[in-house]
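You will see chain A twice below: alongside chain B first, and alongside chain C after that.
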Partner chain A sequence: MSSMALADSRWIARGEERVSLPRFLAWLAPWIVLLAIGVYAAGLCLFYGLNQTNMDNRFAFGLWIFLDLGIIALGAGAFFTGFLVYILKRAELRPILNTAVVVGFICYSGAVAILMIDVGQPLRAWFTFWHPNTHSMLTEVTFCISCYLTVLGLEYVPILLRNRQLRKLPSFLVFERQLHKLVPVLAAVGTLLSFFHQGSLGGLYGVLRGRPFAFREGIFIWPSTFFLFILSAIATGPSFLMLVVAIVERVTGRNLVAQDVFRRLGRISGVLLGVYVAAKSIDTLIWLNFTSPSEGFAPWQYYIYKPFGTPVLFTEIVLFGLVPAFLLTFPRTAEHRGWRLSAAALACCGVLMNRFVMTVQTLALPTLSFDEFLSYTPSWQELASFGAVIAYGVIVYSLSYRYLPLFSRSGGEDSHVPGH
Partner chain B sequence: MSARYGMVIDLDRCTGCGSCMVACAAENNVPALPQATARTGITPMLVRKASNGKEGNLRREAFIPILCMHCEHETPCVHVCPQQAVELDAATGIVMQMPQRCLGCRYCMTACPYHARYFNWWDPAWSAGMEKSLNPGVATRMRGVVEKCNFCHVRFHAAKEKAAAAGRREIDPADYIPACVEACPTGAIRFGNLSDPNDPVTQDARSANAFRLLARIGTEPKVYYKSNEEWVRRLAESGGQSDSPTHTTRIPAQQAEELHV
Partner chain C sequence: MFPGIDGFHWTVGHIVFICLFFAVAATILTTVSSAAWRTARIFGSERWLTCAGKRISRNCRNPTADAAMNLQDV
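Entry: the complex of A and B
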């Protein structure tokens, strides 16, 4: 065994088997290349400006906003699992908690990184904290996402400090144990923050009176999309977690989580998805029949432009909503691993499609009668930055899986997890 | 007394010559960037073209100058800006953009129903010698911020200074005229104080053939249009509202670029 491989093995949790270092590096290599290309593309955008993208005055938001909304929705599994475990005391979901935190951290940090490229003057980001407009949904999003990313960081640190070598430092050990006591509080704070920013991301578009395709009436100051975004995020977050763990199990060839946990997650996801589909259907009917006509827009106007016809609406609500909700709750399919994972994948596609429709279709559709339907194709810099976020996620998760006890049964080193 | 400045644009008089766009660009130091396209250029005043969708002798066309409508009620861009870089000036009714505070998030552009806001995709640049023609009263905007029409606010300041120097509290309406109004060769664009019932512009705005674009969304824009042609007035509504939907076109990219200075 080479000295490098020997040193590497000392960082892996005792009793855990991991692939050899060269094999691990070979796995990481393509992702590192993808990340490097994306970082270069992001650098071009920061150095030369957003003229490196294909966004324009009409398509002022593009691929990156879709990415932000999409991964933040998928990352909702982090706060929701914490909520279920620590607030609702669903201890059976504890084995998946660490993975939920890592996935959430990846999603949110990736989204924040992309947001920093997506603004024209990133160095002025602090202005939002200094001159906040309390009427703006984006202010709420900025505050909540910043705070929640900090919370996720604090939740990630104890997992990080459980590394075999880091644990040898007494101060780290003490710090980790003290921090662990805070985790239930962090979970509660994270839940509160997440409810608000998931909702505000929906509100971001729902308040746009000037974009009738997205505008919704609501309750008090919140448009209906505020609540729909929360519901869809908590419905699909657990599905995404299931998918991530299933992919990791496939790649590593190990069973990491008991099937009971999957079944439970699937059931939760299915029930919530059913509630979401019902709420979304009612909201769509109200919007088509009342909200939109009252603003002078006939509902059919939105669906005459290809490819955004009514099949998109059908796909989003029925194929990616009702069907997975049924598959995840109907006992026969819910018990079957294949059906369950397929349904989880459909649910994730559904939430991504919803975010795509809300961001891209909203901007593509004309509002003025002499406007025309416009299309937009992302530049390579936008696509590369998009790819870099995915690569970043894979790399961080791979490193976490290799060197940290992500699943509770990994080694005895996390035996002090509360309740264990 | 607070003013509510607004405009009435007579579309029957507009010939689409683009003088207003040129004057606006010159007044506000809008850079002429060769790399900008119709979709990435900065045109705080943009003349667009619409037709009745018919062919031959029945075909009719109209030119529609589009600028910030200075919405009065629940001003979309003011509400959404996360760092208060946009404000509705209570003293004038003008929606002001502060590029110095703008983050460049472009949420306001997404919110604007009229697509009347523009992002500085490039660093401003002028060809050699052109910088000598810049208006010293207007700051140039940097890359990465949003801008829009502000009813030539620098001229409002100049009018106030002139009034103050003369010992008057109120400005002389003749001293505050935006560049586009001044430049229009047919007098199609008129500017005035909509809170003054005796202002000819207010009376024009109340005429039977005056209308506002997308009035039903309830943002109370302060730019009015007027036309004796019914098909033109129908353009105010969304695309599918008329019995025989009006086929309309955006101003062709090449033409827009020619007009864009």
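Entry: the complex of A and C
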């Protein structure tokens, strides 16, 4: 064994089997290349400005905002699992908790990174904190996401400190133990923050009175999209976690989590997805029959432009909503791993499609008599930055899986849940 | 806008927003500080040996336990 491989093996948890270092590096190599290309593209955007993108005054929200909304929704599994385990005391989900934190951290840090490029002048990013418009949903989103990323970082620290080498340092060991005891507080804060920023991300579309495709009535200051975004995020977060773990199991060829955990996650996801589809259907009917006509727009006007015809609406609500909700709750399909994972994938596609529709279709549709239907195709810089976030996620997760006890089954302190 | 910026004047929105934000920020800060302070206190009073001892009793083949034992000897 070479000295490098020997040094590497010392960082891997005792008793855990991992692939050889050369194989691991070969797995990482294409992702590192993708990340490097994306970083270069992001550098171009930061150096030369947003003219490197195909966004303009009409399409101020493009691929990056779609990516942000998508991965933030998929990352909701982190706060929701924390909420279920620490607040509702559903201890049976704790085997998935570490991976939920890592996935959440990757999603949110990726979203914040892409936002830093998207704002155009990252050196002025602090303006949003010092000159906040307290009447804007985006202000709440900015504050909540910043705080929640900090919370996720703090939840990630105890997992990091359980690394085989880091554990040897007594100060790290004790700090990890003390921080771990307080994780329920962080989980509660995370739940509060996530509830509001997931909602506000939806709310910011719902308050767009000048965009009747997105505009919705609501309760007090919150449009219906506020609640729909929360519901869709907590419904698909567990599905995404299932998918991530299933992919990791496939890649590594190991069973990492008991099937019972998958079944419970699937059931939670299915029930919530059912509630979401019902709420979304009611909301759509109200919008088609009352909200939109009151703004002077006949509903059919939104669906005459290809590719945004009525099949998009059908696909979003029925194929990516009702079907997975049924598959995840109907006992025979919910018990079958293949159906369960297919349903989880459909649910994730559904939330991504919803965010795409809300971002791109909303801006593409004309709202004034002299407006035209516009299309938007992202530039290679936007696509490369998008790919970099995915590569970053794969790299961080791969490193975490290799060197950290993400799926501890020892039943010892690693899997101990404070409060139990 | 926040205080100190030209044209700023307080509204209920500002107060609610700032109170909520600082409550959350203070909770996060207090949590981390508390963990750090407890760690420092345990080390200061040698109670960390007990803390490490718990690990030893639960998993005596743990490398951390070995490290703790070595430090105990010192």
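Points to keep in mind about this one:
Note that in this section the second predicted complex is superposed on the first by the 410 of 420 C-alpha atoms of A that agree within 3 Å, B and C clash if a C-alpha of one lies under 4 Å from a C-alpha of the other, contacts with A are read in each partner's own complex, and residues count from 1 in each chain.
The working rule: contacts are C-beta pairs under 8 Å (C-beta built on N, C-alpha and C of every residue); 3 or more make two chains touch, one makes a residue touch a chain.
Quick caveat, the model's predicted, so the values are computed rather than measured.
By the touch criterion defined above, A:288 reaches neither chain B nor chain C. Counted by residues of chain A touched, the larger count belongs to B, out of chain B and chain C. With both structures placed on the common chain, the touch criterion links A:60 to chain B but leaves chain C unconnected. Legend: residue contacts after superposition of the two complexes on their common chain; A:275 is shown touching neither chain B nor chain C. In the superposition on chain A, A:167 makes contact with chain C only, while chain B stays out of contact range. Touch criterion met: A:132 reaches chain B and chain C at once. In the superposition on chain A, the residues of chain A contacted by chain B and by chain C overlap at 130-132, 135, 139. The part of chain A that touches chain B in the complex is made up of residues 49-51, 55-61, 118-121, 124-125, 127-128, 130-133, 135-139, 142, 204, 207-212, 294-298, 300-301, 362-363, 366-372, 374.
Residues of chain A touching chain C in their complex: 14, 130-132, 134-135, 139, 143, 147, 150-151, 154, 164, 167-171, 173-175, 177-179, 181-182, 185-186, 189, 192-193, 410, 412-413.
Interface residues of chain B, counted against chain A in their complex, comprise 35, 37, 39-41, 48-50, 64, 74, 76, 79-85, 101-107, 109-115, 117-123, 142-146, 213-214, 216-219, 234-241, 246, 248-250.
By the touch criterion given at the top, residues 1-2, 5, 11, 13-14, 17, 21, 24-25, 27-28, 31-32, 34-36, 38-39, 42-43, 48, 51-52, 55, 58-59, 61-64, 67-68, 71 of chain C touch chain A in their complex.
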